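Chain naming follows the written order as A, B, C and D, and within any one chain the residues start at number 1.
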Amino acid sequence: MTSTDTVEISGHLMDSGILSRVLDDIREYGGDYVIVRFDLGHDAGDISHAELKVSAEDDEALQRLLMRLQTRGVNQVDPGVAAVKVTEQDGVFPDGFYSSTNLETQVRLDKSWLPVANPEMDCGLIVEDTEGEPRIHTLPMADVRAGMKVICGASGIRVDVPVVADTGGFGFMESDVSSEKPQAVLVRQVADGMREAKAAGKKVLWVGGPGVVHTGAAPAMVELVNAGYVDVLFAGNALATHDIESALYGTSLGIDLARGQGVEHGHEHHIRAINTIRKAGSIRAAVETGVLTGGIMHALVKQEKSFVLVGSVRDDGPLPDVYTDVIDGQRAMRAELTDVGFCLMVATMLHSVATGNILPASIPLVCVDINPATVTKLADRGSSQARGIVTDVGLFLEQLAGELVPEYRRR
Amino acid sequence: MTSTDTVEISGHLMDSGILSRVLDDIREYGGDYVIVRFDLGHDAGDISHAELKVSAEDDEALQRLLMRLQTRGVNQVDPGVAAVKVTEQDGVFPDGFYSSTNLETQVRLDKSWLPVANPEMDCGLIVEDTEGEPRIHTLPMADVRAGMKVICGASGIRVDVPVVADTGGFGFMESDVSSEKPQAVLVRQVADGMREAKAAGKKVLWVGGPGVVHTGAAPAMVELVNAGYVDVLFAGNALATHDIESALYGTSLGIDLARGQGVEHGHEHHIRAINTIRKAGSIRAAVETGVLTGGIMHALVKQEKSFVLVGSVRDDGPLPDVYTDVIDGQRAMRAELTDVGFCLMVATMLHSVATGNILPASIPLVCVDINPATVTKLADRGSSQARGIVTDVGLFLEQLAGELVPEYRRR
Amino acid sequence: MTSTDTVEISGHLMDSGILSRVLDDIREYGGDYVIVRFDLGHDAGDISHAELKVSAEDDEALQRLLMRLQTRGVNQVDPGVAAVKVTEQDGVFPDGFYSSTNLETQVRLDKSWLPVANPEMDCGLIVEDTEGEPRIHTLPMADVRAGMKVICGASGIRVDVPVVADTGGFGFMESDVSSEKPQAVLVRQVADGMREAKAAGKKVLWVGGPGVVHTGAAPAMVELVNAGYVDVLFAGNALATHDIESALYGTSLGIDLARGQGVEHGHEHHIRAINTIRKAGSIRAAVETGVLTGGIMHALVKQEKSFVLVGSVRDDGPLPDVYTDVIDGQRAMRAELTDVGFCLMVATMLHSVATGNILPASIPLVCVDINPATVTKLADRGSSQARGIVTDVGLFLEQLAGELVPEYRRR
Amino acid sequence: MTSTDTVEISGHLMDSGILSRVLDDIREYGGDYVIVRFDLGHDAGDISHAELKVSAEDDEALQRLLMRLQTRGVNQVDPGVAAVKVTEQDGVFPDGFYSSTNLETQVRLDKSWLPVANPEMDCGLIVEDTEGEPRIHTLPMADVRAGMKVICGASGIRVDVPVVADTGGFGFMESDVSSEKPQAVLVRQVADGMREAKAAGKKVLWVGGPGVVHTGAAPAMVELVNAGYVDVLFAGNALATHDIESALYGTSLGIDLARGQGVEHGHEHHIRAINTIRKAGSIRAAVETGVLTGGIMHALVKQEKSFVLVGSVRDDGPLPDVYTDVIDGQRAMRAELTDVGFCLMVATMLHSVATGNILPASIPLVCVDINPATVTKLADRGSSQARGIVTDVGLFLEQLAGELVPEYRRR
């Protein structure tokens, strides 16, 4: 029997194309809809408000559709209260579990709305009693344990789509992109985003691939580490190894000009650099014992900044600091997200997507890559707050360092 | 003080451009050379032979240069005997360890030459005594233990560049690519490579990305599994999850025609499919209990074929069968390489590079992707035997199934 | 002083995202708007209707904004009658001329609405008296002559957005793309589009680049010419020359597998093939005298089909049939558009964009290329009816020939 | 009956891979070879010298093979004297005409060697008597007239491969690309190339696409025009129109950050900008009458620099300065090549390939594009002296202006 419910969405519905994506979702999930009400602002800046009656073939299908629509910021008009089930198996959610979004989320267990502690995509929502007070937080599937209480179905849940990207603060993209020097404007906007985060006492998170080293941007990044604009780095074995290899052996990595890629200069240097750090015990130990005296990783250690290196199946070695278990790596990344106020992703698809999965949508996020596919992929995966810049990573970081560290430019 | 040694290389030196790459290596490693002898065949088909005197600033630099040159198939004229050191730390090779290639390799410990059991890139060569007989095999850095005996330096080592790709057997690329229907010829050559491997009692290894499912090639691949042309599959969480999601929910993954990519249909289906398999315990259990009744993974289980799924940092879930530790995953992949006689890589850069790292150069290898960068990257990493085909994965597998399973075409 | 006017738009406004593009246009042109009325269908399939009051700083700015909005299918509620000015210079339109779209367009000179004969982008609308009856047709800037009557401003003009792509006939993309074999479905849809056009007595127009020859698709295309599915070919010097070179010299053009491009086999063959045809006088003459005996151009001549070859600045030769004046070439292309009912663009950005510029939006249009940029570019340029398929051109045409000419498949 | 001849080639044969390309050519043309002599330098810097006996099935095939080999710098040991035939038709060369290369070429008519005046690819070599002295120059096929004397066959011709790129002067790529800041080094090398050309009294030729304007690099380019680093510009209708549109209407062209392309801002502005310049009569007239007051084209006119705009089939308008006949356009481009000492190609495949066709190989040539395919294509077409830089055009020109015009940086 057909099940129905009424949902609502507010925002710049006309401008943002969000409504058509909502209707696409309904069709894709085999549902149907009637538009019940549509309050349209009369002026350009006004917020519109829509109410839709959505239906699906049965309640299970409806719940799944409602959960899906919440990823777009669509809430039930009468959300009711949330259903809670107890998990029976480690690492397995109950059937019908609510699959979380990276949006600000609130849950009503009986009367009052409780905020979800750490919004992240594709997790379950766990209810815990802390000193008699229920507390709700996200938990990835791999970490759930039997006996935990998990929110199921779409009732009693409300999400807020961030407005930061549209009107306030960072305002990336929305500000007037001058025809004079757009690339300089972009660099300045990223610099401003970092400055604002720092001024607000927040951390700047970088996610980087080996292209940072190949394009010769390592000195610029070292400068930015030393100037305090890199609080945390998420990367893989490759960035750290190329950086260390370059510092240890002075390898002229060069640039394959015709193809725009760093030339692979044989694994001989590469594997030997890894062995050297393994012998030292860790990157930090290699810095402290004077084995490693330059480069990005060296600067991070010296400045007492954090880094999380997570391995992949193609890794050589790897470096002793690399998490070889990717789920452990994800946990370590999550642990560093507290107080992050700005995120810059540079030249890596794998780690950018991984970070996009766990980063709350409320944190400004810029992705820089010479390959348009990386930028597009990130946006497609649900990191809707992501702003992409398709440009040369080397020249971009060079200009960013010049903008944030004026002395660097003059050298 | 300058150290020198004399090296030699044989082959179609004029045609292959190999000699110029050797000279590039010498320059890059800061070495120098004099060409001592150059025997040039007089006719087109003749093998040439070159002898070079190479020099470097000291013996350490020379040894590293010699090791580097071996990745090109350059051997010492007077190789002497191999030096052996004992490792002092778990997971760390001795300084000056010989970093292996994926070429056929032989080592002389005193008089006779011993073959290296399982050629693989970037490993150490371990000497073991098995019933009084020394035996030499590759071992990745992470698996080395204190007390093991490791070959150091370049002396006493000889490599053979495979000639299979140039003249014999598979003969891919070398055969006359007809102007009539090149794409059909390519499909037939891959089919022939698989048939030859099967006829020789060898296994066919597939390495695949989620693009296999997105492009609608899953039915073609199922057909090929059932017909016996897929003995082992290496993949990640994504291929298996998309395949299972499609089988469980009938998700019409569709194709984003404008961008040529599978549309990301929200994590809602995705994460729920993973949860379902986790609940069943494993993919095999899900097949046996009737939870999973179609798709590629189902076919592999039914046909009792092997698969190795290795995780990455961007994974959701993951599926219970996925190795979350990438080093464990590499070990599981290595264990499946025995008797592989042909390898086809489809639509994945990460797992293709990972497989290229561990696959002996003597095994024919074809890489199919719509993105030229994947193909180029693989060749750059040292998988010189790799042949690349830049084409639509969906149409290619469709035609391959039609070629290998004639009934499939007629349906 | 601010000028205002009221405009309206109808259609699937919620689904199509068209409204947000309209609002973007208003902002970009420095205008402002108030939404006056918004009739929303209650059900999914209903047509919505919006009325906006738009304003701009003066009448000139308003007129330009209104003209811009018409490219989106937005018409004035009270269109009034069209203003007509007389041109004063050859090749120059009067200030404020109406710049046409490729949509179905009607003009009201006094009372009744007159259809515009041949919708094309970026032209002027010319009023001619034919036997006392006013007739309105598009004319490109280069062809306008002093004394002609040209429509100016946005008043008295109405455009219709084609609905064919959304609901009826061809229905490409909208139909259910099966998860089973999407690529086969796409091939069949293109085949159906061609069959429908032929059944309706319409012509099938092909626009092709040299990639058709490089990917080995020439035999498939010859088959399609012979079967009557190629009525007109628009191309450049390169497609014809490569095709003829291949026919004359049996050049094995081959495929550069690693890069997915036809290898450039030196201009020696190329330039000699051109010289040979120039000596014969024309491609037709070369066929008739037995100089040219195979290939695509040969088949077109034999089947008495049309082709228009237009040159570019990078051309060698060119072939005697090539229009070296690009404006003459555009005129020749326009002359072939009559009765075209389907258009397929294959492997060429230059000629595809050129054809997109002059093709009415009402004609179904499919663009096939392995490079996503070509497909995207075409859509961005205003050929909104364009459907793109990112795939291997060789395999696609092979399958298309197999679909339309069943005997071809069996060979 | 088999015909044979002996050819020679000198150079860094080992390093350059040139020999394997020569042997590929022989095989491709169905010929055969024996290596007669091979003098190998003993040291790294030595020049090697090879002699090959090549054979083909008959003299015509041999002559074509010899002509092909000359494009690689391979000359006959005993070149004999050149054969001359008289053309019988306008626009058609005699059978067996020598198809020219862009290398320095000399011809022996009887005793002495005469230089070919203006090396260009794919032309004929015309013998003219000027005051009793024979003079030899290239002529494109379209310009040949009946009665002209044309060199036929490969005898009596000698080519010189430029060594400039390998050892002297510009030395791009060969110089040590520092690992510190490769991108800065590249900018400096291009700047040095331009400075050297200017210091030698030579002209700097730019070839540009509309991406120069889209990426916001117009102000940087204006600066470089004003500072004297742009003597000639080759472009199409698009670059000039976008530049003029931006100057006339202050259009904020912006950047589509997600896709890295300039957004197409509707043809409305575009077509109106063209109409305005057509009304003025020419770009120069528009500048002189104060209609056009800014941008790249304005700066070129003000600085009395040359530009050649050549049309293409996709052009709107076009601007009155555009050559609509592409062969006329090629002639106009050729006429500007005198005294060009450096060429920079930016963001255009069409005009870059066109320029590469007519530019002597002795002129240093750098191609900058964010798309690797453009750079690769250019090299494949025979512009072997081309050096490619895959980077962001906007940031690159910004840095180049900062390097060449230090005041620009400080603003």
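Basically, a contact is a pair of C-beta atoms (placed from the backbone, for glycine too) under 8 Å apart; a residue touches a chain by one contact, two chains touch by 3 or more.
Every value quoted in this text rests on a predicted model; they were computed, and no experiment measured them.
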Listing by label each chain that touches chain A and chain D gives B, C
Relative to chain D, the most remote chain by C-alpha centroid is chain A
Pick out whichever of the two, B-D or A-B, is joined by more C-beta pairs in contact. A-B
Gap in Å, rounded to a whole number, between the CA centres of chain C and chain B: 45
Interchain centroid distance [CA atoms averaged], chain A/chain B, Å: 32
Centroid from C-alpha atoms only, then distance chain B to chain D, rounded to Å. What do you get? 41
Identify all positions of chain D at which a residue touches two or more other chains, and write them in rising order. 252, 259, 376
Would you tell me which residues of chain A are touching chain C in their complex? 14-17, 19-20, 23-24, 26-27, 32-36, 38, 40-44
What does chain B use to touch chain A in their complex? 25, 28, 64, 67-68, 71, 89, 91-93, 97, 99, 121-122, 141-142, 236, 252, 259, 261, 263-268, 270-272, 274-275, 278-279, 310-318, 320, 324-330, 333, 350-351, 353-354, 357, 371, 373, 376, 380-382
Please output the residues of chain B touching chain C within their complex, sorted ascending. 173, 176-184, 186, 215-216, 219-220, 246, 250-255, 257-260, 370, 372, 375-376, 379, 387-392, 394-396, 398-399
